[in-house]
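Comments concern the structure below.
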């Protein structure tokens, strides 16, 4: 049972790390704000959740599992909210880029 | 491995600071200042300075960027290009930096236990203060008891700076309407319903966490300065989402000014009580029979005073900057 | 010589010089205040680096532990910097309030324009 | 495994930092700063786990909350700027 939990936590941490790396790669590589947001938003919540679950499995019941759970809940609430507000604000100022439009010079000096 | 993580964070900090030097768009620079605060707070965590990390997080991530942004709204977003190339400044900076780095070669190596800084009074604090005060968090006990005069002075500086901001931006914050039924003009954030609801859920938690940091500061990381900054950040979020007017129904300007003074008076009053009982200023041993209980009570009162003053001064300053923005836009 | 032994101090000095450079070379008053903040933070990092002892834990006494001779980091620099951070933000706020007043009086926050106006009123 | 996760998170932080420097729009920067914030929370949580000190989790928790306030603050000022450019004024 203990070994199973440990193996499960390793799996969670591994998948979490990989999806975090995907988020990082996405935000680094994709061409405009919306695609980047798409890459970061999904994998960020997913990876964060998995890493925290992996940590929880490793602490067991007598560890600080409540605090980890609180961090998990906060992250799962705040991260999508920020994505939503960010996308909403960005959409009003700058329409999404499609394959055929050239990227306008934006508000950079 | 663990001893190299802080080097990575320091490299991130260096990159950020060079990016700040290079950029001309002040909005982006303020954003990078937030990153800078976040990274330096992480560095403080790595250096075991947990109390400092909490304070730097609240101040560096939230309050400092907010104040800078409200100023930018009044002064404009772009920095103008200078007419001449600042070679002289570059030479001065490089020369001074080279001298200072030459000076660091004489410094004791990083992390060694027997440096002059770690030998004198610090070992006394580490070995004796738990027996003398009964408070596990050494930072709290040193802050509020051993170096109580120092902290009182710092608190006076904060109070004076707040008074200075009030004097400089001597605008009237528009007082809220008397009748409760008046429909308030909505803040422009209020059309995001999801944001409103999420904030309604989170703000009580943030304020609760501020109180936890305040009163748990004797046993874990925390204390008055951290709690004040966190509490003020929570109220700043409330002001941003629900509007300054609504916030001022809860904390009006007069009450905040009153509380800023009350915290300082609580601190000073604790000292006066010990003078009147025939001991030195801020000698807590008069407060109770047993010495550790007296220290506990004294530190609790003093930290409470610090927390109240810091929270109300930061909130007051934030409100003045925010209402200044509103005035500019009219 | 081991790089890790004084790498922190070098980084502190470079950050400090970045702050100083911004302070001297840039004319925008807000940018100057940001430079001052960077300078300030580098000093915080310097103090906190000096307080670190290798292998030590944060200065919070462990009560329920069998281990004796736990090493603790030096709490005194933490106390000094803890208060310095909050004092720093209050003084920054004061400086920003002054900038707002300057903007109201002169209509600009660029140093050389303000000097021109003072020279030719 | 925890160390590997830590390294992955540091790599992501570096990538987000580069995006925050490069821009090009302000929204890219905010997105990067937000990603950096959540990664820092993870970083500190794992670090506390490696060193076995539970009070690191307190700090991670407050970072998660403060990061939210910081990002909302940045976005709030954009909304303000937008309202100003539409000449409607804005109320706090």
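Letters are used for the chains, namely A, B, C and D, taken in the order the chains are written, and counting of residues starts over at 1 for each.
Heads up, the rule we're going with is that a residue touches a chain if its C-beta (ideal position, glycine included) is under 8 Å from a C-beta of that chain, and two chains touch if they have at least 3 such contacts.
Values in this document were obtained by computation on a predicted structure and should not be read as measured data.
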Winner on C-beta contact pairs when B-D is weighed against C-D: B-D
Rounded Å distance between chain C and chain D, as computed from the means of their C-alpha atoms: 21
Gap in Å, rounded to a whole number, between the CA centres of chain C and chain B: 13
Chain A and chain C, separation of their C-alpha mean positions in angstrom: 31
Per-residue overlap in chain B, given as positions that touch at least 2 other chains: 30, 50, 72, 195, 202, 205, 220-221
Touching two or more other chains - residues of chain A: 74, 78, 81, 85, 108
Of all residues in chain D, the ones touching two or more other chains: 14, 23, 26, 30, 51, 55, 58, 61, 65, 67-68, 72, 79
Interchain pairs in contact, sorted by label: A-B, A-D, B-C, B-D, C-D
Chain D-touching residues of chain C, taken from the complex the two chains share: 57-58, 60
Residue ranges of chain A touching chain D (in the complex, touch as defined): 10, 13-14, 16-18, 20-21, 23-25, 27-28, 33, 36-37, 40, 44, 48, 51-52, 54-55, 58-59, 63-64, 67-68, 70-71, 74-75, 78-79, 81-82, 85-86, 89-90, 92-94, 106-108
Chain D to chain A touching residues, read off their complex: 1-2, 4-5, 8-9, 11-12, 14-16, 18-19, 23-28, 30-32, 34-35, 38-39, 41-42, 45-46, 49, 54, 57-58, 60-61, 64-65, 67-68, 71-72, 75, 78-79, 82
Footprint of chain A on chain B - complex, ascending: 24-25, 78, 192, 194-195, 198, 201-202, 205
Residues of chain D touching chain B in the complex: 3, 6, 10, 13-14, 17, 20-21, 23, 26, 29-30, 33, 36-37, 40, 43-44, 47, 50-51, 55-56, 58-59, 61-63, 65-70, 72-74, 76-77, 79-81, 83-84, 89-92
